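Two complexes come next, and they have one chain in common, subunit A, joined by subunit B in the first and subunit C in the second.
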Partner chain A sequence: MTAQNLQQMGTTAPLAASSPGGSIYDLGYRHYDGPRRGRSWAMWSLFVESFRSVWGFGRPMTAKAAPFILTGLYALPALFQLAFSSVISQEMTNGSGPQPELLAYHSYFSMFYFLVFFFCVAQAPELVCRDQRYRVLPLYFTRSLGRLEYALARLASLAAALFLVLMVPCVALFIGDILMKPDTFKAIGDELPKALPAFPANGLIALGLAAISLTVSSFSPRRAYSAIALVAYVLLAEAVPAAVFAIGQSSDWSWTDKLFLVMPISSLDGATNWFFGKALQPGRFTGSLTAEEYAIAALISVVLFTTVLLFRYRRVPA
Partner chain B sequence: MASFVAFSEIVGITLRQLMGRRRTVWLLLLAALPVLLAVLFRAAGRTEIDSYSRIVFDTIAITILMPLVAILFGSGAFGAEIDDGTIVYLLAKPVPRWLVVLAKAISVMAVSIALAGGSTALAGAIELGPIGEDGLKAAAAQVLGVVVGSVCYASLFLAVSLFTRRALVIGVGYMLVWEGALSFMLPGIANLSIRQYALGAANAIYPLPVQESRLSSDTAFILAAVLVAVTLALAVWRLMRFELPGGSD
Partner chain C sequence: MAMALIETSGLSKHFGQVKALERLDLAVEPGIIGLVGANGAGKSTLLKILLGLLTPTSGRASVLGMDSVRETRGIRQVVGYMPEHDCLPPDVGATEFVTHMARISGLPRTAARERTAEVLRHVGLYEERYRQIGGYSTGMKQRVKLAQALVHDPKVLLLDEPTNGLDPSGREEMLDLIKRTGTEFGITVVVASHLLGEIEQVCTYLLAIDAGHLLSAAPISHFTQRTPVLAVEVEEGADRLVAALAAKGVRARQDGSRVLVAIESDALYDMVRDSVADLALPLVRMQQERGRLEDLFRDASATASPGAAMVTGSPQ
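On to the complex of A and B.
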């Protein structure tokens, strides 16, 4: 068939001339003539759908158990403090007995980070593994959604979910701290500047954890293997720099503490301290690194892991 | 005789199934880590039982390497066959079920011990060998601990993989929550923690300076033996009543 013939067919087909649909194999089916909303709309739809599936909406109850239980457990200590805020405030005004140790915005993540990490281990493979396992990626990519948009939408939804998980206890702490003070409006004014750094800090934690866990998960179509790989990566990336630092401590190796920058959890923890303008706790952080350097390392790791994720999705078999 | 042939046949097939995968490369890299750290110790000019046991053996070999290897292999031995559906061919053969479980268990234990125990032994020889008799004893104790731990983990998750298809996820959860978080908070768990069995068994040769070793060696050996016997018996019981997945459709 010559090119001229093809062109003729194209022009003679009744609907093909006006519609952007394919005209080579026009079998005469009705065309879609509704609005075409394009790439960004498709990304938004995928984001919403992923966000719902992180929390198990649209799935059976068993799928909702893990995310909601882990979120609840993570918020539990803060909710306790909120529930007993009146008792605590009485003790504080009495001044008798030991002053109660209150949970603080900047150290909350470093105390209960493992629950957020479990959340990642449970839900990140959920987002990226099924599509590879059941080979439905082509169904996404035949839409106006590209490979990179797919990866970015998934990443954004996991980060948004993690941000929510991280913010719940901060809000509870905020309300509790206000209720402990006698003058509510003055308390809000006092408390707000202390609490506001929680937004960027938790945003960075959410992005960092989402980037790491989604990237590691995307390399296997089996959820169980993804989960085990993620656990292995994070445990080792925390343990090995600490081990190397401990080895080098007695024989003056000065470079070993620089390795702390690759620790996924600790660097996010250090970055949180930077956002709140706190000094690093000497018990938890050893070595010469400052909170600022941890913050930069955390940002770089977000960029790095996102790049690897996009690279992976450029060539993942669809 | 016939059962011996079947036994060796199943062992050979299982070994091939377990090793002939891409994940074996990753596990080899993981097993190389303690050896690299031991080399680093020597490069720093340090040969100490105390800090080596704490830094490399306690935090990496027995907490990360041994459970990961044994859980992956243990749940994969039957799990992969159930997923592929090839377990049909195994069960259709006139081989007693206890022999099938035994063959699978022995091959899983062999692979786990070869990887985790071999890595611990090599690392121990590099770092602790030059110390002399005490060093060799400590290294042997570490290897014994890893061997006991691998055997326990492997048989436990071999059994679990016959009861549920999510054995790997349960394994990760057990390793993180039970062994990681809870056994530090609740000391009473020591009697039900494979990590404690491994550390207790190591005490039989040399009292390793690791934190949180709570069981005496006799208790540890008895509890480990009970665990292996019970889980393997459960696996046999389950395999005798095994229903093929999707059989009712």
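On to the complex of A and C.
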């Protein structure tokens, strides 16, 4: 306790407070005349709070389970490869037996995207449904924070969390690739340019998934309904174009593969290949679309869903 | 003359066919202001317009000279709002929640923590403040709601039905808290309530609205210091006494076995005594009554809009 505090106690603390609710600790009310920050501080504060709540910090242990388990599962294959990197490198140098096929940056999301999507289903409703359900929104909107700023801060925090989830296996792959090489410093120089596109690629995936999942979730105050709606939307948006394409193949329609551009996850996947400068894997992608077209489609979907989210928050009852 | 803290002129708000507020003109000075009216009278709508949550259909409103539509951000920095409904997430502790709200209000990290500790102590939350809000009683939740409205040290506090759902002792404590906040801290408090008895206890100024119209606006002393009333209780013949007094030009009204007489001059006491003696009525007691707000209110609403569901009684 500082001398100033002691002095304040000495001068203002009424030992027997006049009011019945008073107690020996009652120092009286002091006005606040420190700095008051504006909108950007409010947005930053909400961003930090949202980021913490995505990971379940400041919440009971049960809230931490889903995000951490899903992140761990998504990174598991890459961590596995990292753990056995010395064995793998021996195999490769010996040249005995078939060459092992290694996990690659550009196709990792393609293989394990469902775990990231589960992360969205579990955590996106948490961010937007709670405040609607428990009617906390009026408390935000009567402060420095406007409706649009609220939505943007929430979106940014989910995107940041997803970016982290997506980057963990990439970092594991990077370290594993370096450890497999005999000359570590040369390996860093060789591997880094190959790994760097992971930043923009995962950034786009994170933004795309965050925009879709927050927007769909924000339409219901109930977590469960939001999660179901999100799963239903993504399943339909992935399945319907594929079905139409299948019909189109037999009916000789040439335009049906353009519908693939509305697929939320596939377009992000295709965009990833564009960032890494890879051709689309034929087993995963059918039709005549290029990786570039998928990248553009993914960008448009980010803008579109963010716009819908902002419109939703203009009208959401407070 | 103090500056008007809250001003409205020709303020109207219509929701489709429903006219929540209709050409409301107000000028509120610092103090504890009671905003009374039945449910649906337009109290919450008025508060929400002042906060910029709703845009008026016509007319304008201002808080501390700032326009409610154009200078919303300025208003929000100096206003604290406690909504009528539940507004607390159940899965965080009071300390964490109020600190978060303090930061959203623009307080830096350390200041937010200190102010939170201070207001939670002020509203009377001690050990419980680290527990999750979901496990709180209604009274504790109301205290947290008040704390989040106070945490950024506002100049004006807008409280919408702060005693909702509280038991009598909880209600007394909340009213005491409001009174202390208003008088000791120099914060202007607007208390919206449908319980006139509460307003009477804590407020210095009264605004009564009904169906979106202003019924009356005056310092509370104006109501309590108005023409005193003499209650004359007789075992029988109250109606004859009223008639006799009316014949002498005295304003009197029968209220069950009692006769309420407006004391307009000192000679009145003698006049009443003589009338009772002349009629040979069995007199039980004569008693001067403090003008109770409720009586006045019943009169006002009866003349303004007969049929309107008016303010219910005091909490006791």
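We adopt the following convention: the second predicted complex is superposed on the first by the 286 of 318 C-alpha atoms of A that agree within 3 Å, B and C clash if a C-alpha of one lies under 4 Å from a C-alpha of the other, contacts with A are read in each partner's own complex, and residues count from 1 in each chain.
Everything that follows uses one rule, which is that a contact is a pair of C-beta atoms (placed from the backbone, for glycine too) under 8 Å apart; a residue touches a chain by one contact, two chains touch by 3 or more.
Predicted model, so just to flag it, every value in this text is computed and none were measured.
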Just checking: does A:Ala242 make contact with subunit B only, subunit C only, both, or neither of them? Give me first, second, both or neither. first
I'd like to know which partner A:Phe68 touches here: subunit B for first, subunit C for second, both or neither. neither
Superposed model, subunit A: greater residue contact from subunit B or subunit C: C
Contacts for A:Phe57 in the overlay, against subunit B (first) and subunit C (second): which applies, first, second, both or neither? neither
I'd like to know which partner A:Phe80 touches here: subunit B for first, subunit C for second, both or neither. neither
Quick one: is A:Ala224 in contact with subunit B, with subunit C, with both, or with neither? Answer first, second, both or neither. first
As the complex stands, subunit B meets subunit A at residues 23, 26, 30, 33, 37, 40-41, 44-46, 51, 55-56, 59-60, 63-64, 68, 71-72, 166, 168-169, 171-172, 175-177, 180-181
Sort out for me which residues of subunit A touch subunit C in the complex. 19-21, 25-26, 28-32, 34-39, 41-42, 45-46, 49, 58-60, 63, 130-131, 134-136, 138-145, 318
Residue numbers on subunit C that touch subunit A, as the complex places them: 51-53, 73, 76-77, 79, 81, 83, 85-92, 96, 100-101, 103-108, 111, 115, 118, 121-122, 124, 132, 148, 152-153, 173, 176-177, 180-181, 184-185
Any idea which subunit A residues touch subunit B in the complex? 114, 118, 121, 223-225, 227-229, 231-232, 235-236, 239-240, 242-244, 246-248, 250-251, 253
